[in-house]
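Listed next: structures, encoded as structure tokens.
Look for chain A in each of the two complexes below; its partner is chain B in the first and chain C in the second.
This part shows the complex of A and B:
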């Protein structure tokens, strides 16, 4: 399963765009990227998920990892698909992130 | 830290790198760079770790534990560079197969880890398994990274609890629940406002440890209906939550979903008690499948006959050997895990008397397991509730070894209240004890030892208790031979549903009586899911095998039986508004606060005279509000008049405290809204000296 990952940093916000499927085979690369971006101490992490079709447990754990590593970090999830919103809701992560329709920053 | 030498492999097999592991904790634990596996067996001669990719039929490798990795009876190793998300693992063990001395090793079987925290294979409820799969119930890893924020167990005092017993799936599986994901942990979250409105502050979940709903599945011989293990009293693993109850089970996220439910229930002021089944496992007797324990240490985990067969004190084929020190530790580890990792508030132990039997099956006077649980520091504030009997004939209601901690399902409360409520004579002496929290049973333990209930999952629902004289279990496919026959039920004149308005009115009234008796009694009340609005199982008193409308909650009843639902909410609130009902201590039958009234007094149709004769069906009791919580809280005086005679009778009233006047709060013989008031609405009685209480009715008065 494929995942396209791209990232950029704008001011104090790290942006990651994920297209495809985020599962246990693709999650480690995202996690590594998050780790790298967080090293610069951004205040916001913006995940652009408009074209992400599927997110498995491993994907959620990347978000948890980011939150736990930097408790003050604001995580934005931009335009997630309905199935991903549902997964976030059912597992309780919905309240730890900001789900938004367009990038706030 | 990554530089520590013990984070690096020393061995290699098949391209997989590993090293000697740590013996504790048992199970699979994520450690830096790898996973630590640890399992014990005293009679195995060899042990392999078998590793799979999720869902694959063949393992990607098997690693024999080198002899150097065994310490005592424990095999442990750390394997490096595994994909945590995709991994499934099991064990293969070699050893003697001599059933006559209790050994049943079979190295052709892949065994699930007794400490598995997630078990795959039944990820989606009733999704058809691949029966050719050799390894059906597959151990996986769990992640302990849930964000609990400030949540912890609520520690609501036991005496203030109102317990709601429910089945996770049955609560919302019916389309009438209008839940987004019916039958799941997630759907219960949607119903939290309902639970709050009802007024309960604790849910007791029927088993949520992973089980196989397909176990013993069969088609009904006549109807062809699929019958399954719906209740789930058949544990596969004592650390793994039921995946099929999670909307996210197919993604393997049941751990997060269940934790989210607990966290949100806590935020709403509702505790979570788990119904836990340690008395037997899903492996059945010698004809059953080898899933885990049988192939690891059969004679350690099970109570065996001298010939090596399984004792069956549980009625399900085998009996877990709970007082073997190794098994005892497993039970303790499991409970500690649920209390710490899932923030569970308490546990109700199915057939708990088995937990007090020794390794030959004989009852112990001082069972080490029960003592260990009672004094365990991690479980110190958890509720521990025993179903104080087993299927081997041990009945310990009132005598369960309690160590000052254990409460019990009070089966005698259930039986006597049922009989009294259907107007059997001679119950007055017993009922006068039951409303006090059964001091005859728990004098040295206090009323909180008594979990009072009239109905539970096992038996009739409240509606069926007043609608059926006999059980109607044909749908279970056992020719109506299963399920209890001693139901103490009464159909009110017609067996089953009827349109007769008189009968339906009486049924409603008796339902209100039952709920009222439950809520005015000292002890801890427990109600069964749906009884608040008259859920029926069509007379089936053993619906364990039905995943259908028969066993599901019909939410449309909330509207259809709005009268009963209103009453239920009000009577629960009435209890919660009046501390005089809720105490850790028994009544002293004297005035110890200078109220001018004893804390409790008993009456009959004549004030200050209680008729304990064999023909009696009437009882009144008065609680002095100044004695509430042993005088530390202030409350109204309360009089409860119980007339289970079939005609109205004049009850002479005792006088409340000086200057106070009796007002009617509850009268089950009246139509709404006069059946129950908000206490603030109650108007003083014109005649303060006597009152006519209708036949089969309960009146509750308050005076302030």
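This part shows the complex of A and C:
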């Protein structure tokens, strides 16, 4: 029940794919990666979450971290599972990120 | 009644969720209720480890048990760290949740999710231990 993290940068978009479970023990590695990727000044952060089975508030705090570091950054969440959509809705994140079915970029 | 004990650090979160998932399946909860309960326990366990143990420089265990009654599944999460009462904790207001993410305070989101995810979240002291109690009603049972 760990978290597999992979990333790639395409043009001005940083892509991160998360497979597994994102909790407070696995979030620091994601935050570190986001920090590193944002140093290049991308316009978009695309989170591929199709195979993310669990996300605690630690995942939300990574998104806040990204937006506070780069306020103009557009955050896309690709294919999140329904439970994670629910978390985004309850916490008011749903209107602040772009939840999409396909990678936009 | 099932019981398990883990060292009170963040590595305990995954096995705690496994424990909760197994109990929730035994209680016949649906997929969403199982996820919600795992989320609630995970958020509280995170706060207990972070605020109750690590920030206070303390070490201790997290003990968890599950009790299935005809009407409910009850999970207890017990610790011996600095008391951490989720009901006394400030959570984001609806206005806070409307704010752009770049203006957000990161605190309280976990408690907000935990409270919303279960039917009851109770907190009590037993001797020198603190116990968080999560109650979920088993629909269609009892």
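Points to keep in mind about this one:
Criterion: the second predicted complex is superposed on the first by the 104 of 105 C-alpha atoms of A that agree within 3 Å, B and C clash if a C-alpha of one lies under 4 Å from a C-alpha of the other, contacts with A are read in each partner's own complex, and residues count from 1 in each chain.
As a working rule, contacts are C-beta pairs under 8 Å (C-beta built on N, C-alpha and C of every residue); 3 or more make two chains touch, one makes a residue touch a chain.
For clarity, every value in this text was computed on a predicted model and none was experimentally measured.
Once both complexes are superposed on chain A, the partners chain B and chain C clash.
With both structures placed on the common chain, the touch criterion links A:83 to chain C but leaves chain B unconnected. Of the two partner chains placed by the overlay, neither chain B nor chain C lies in contact with A:99. Of the two partners chain B and chain C, more residues of chain A are touched by C.
By the touch criterion defined above, A:91 reaches both chain B and chain C. Of the two partner chains, both chain B and chain C are touched by A:61. Contacts of A:33 after superposition on the shared chain: neither chain B nor chain C is touched. Touch criterion met: A:24 reaches chain B and chain C at once. In the superposed model, A:5 makes contact with neither chain B nor chain C. Stretch 259-267 is the one of chain B that runs into chain C, the other listed stretches 223-231, 259-267 or 601-609 having no clashing C-alpha atoms. Looking at chain A, you'll find residues 23-25, 56-58, 60-61, 64-65, 67-68, 86-87, 90-93, 96 touch chain B in one structure and chain C in the other.
Note for the complex: chain A touches chain C at residues 1-2, 21, 23-25, 54, 56-58, 60-61, 63-65, 67-68, 71, 75, 82-83, 86-87, 90-93, 96-97.
Within the complex formed with chain A, the chain C residues making contact are 10-11, 13-14, 17-18, 32, 35-36, 38-39, 42-43, 46, 49-50, 92, 96-102, 104, 106, 109-110, 112-113, 116.
By the touch criterion given at the top, residues 83-86, 143, 145-147, 180-181, 184, 186, 246-248, 251-253, 256-257, 259-260, 263-264 of chain B touch chain A in their complex. Interface of chain A with chain B (complex): residues 23-25, 27, 56-58, 60-61, 64-65, 67-68, 86-87, 89-93, 96.
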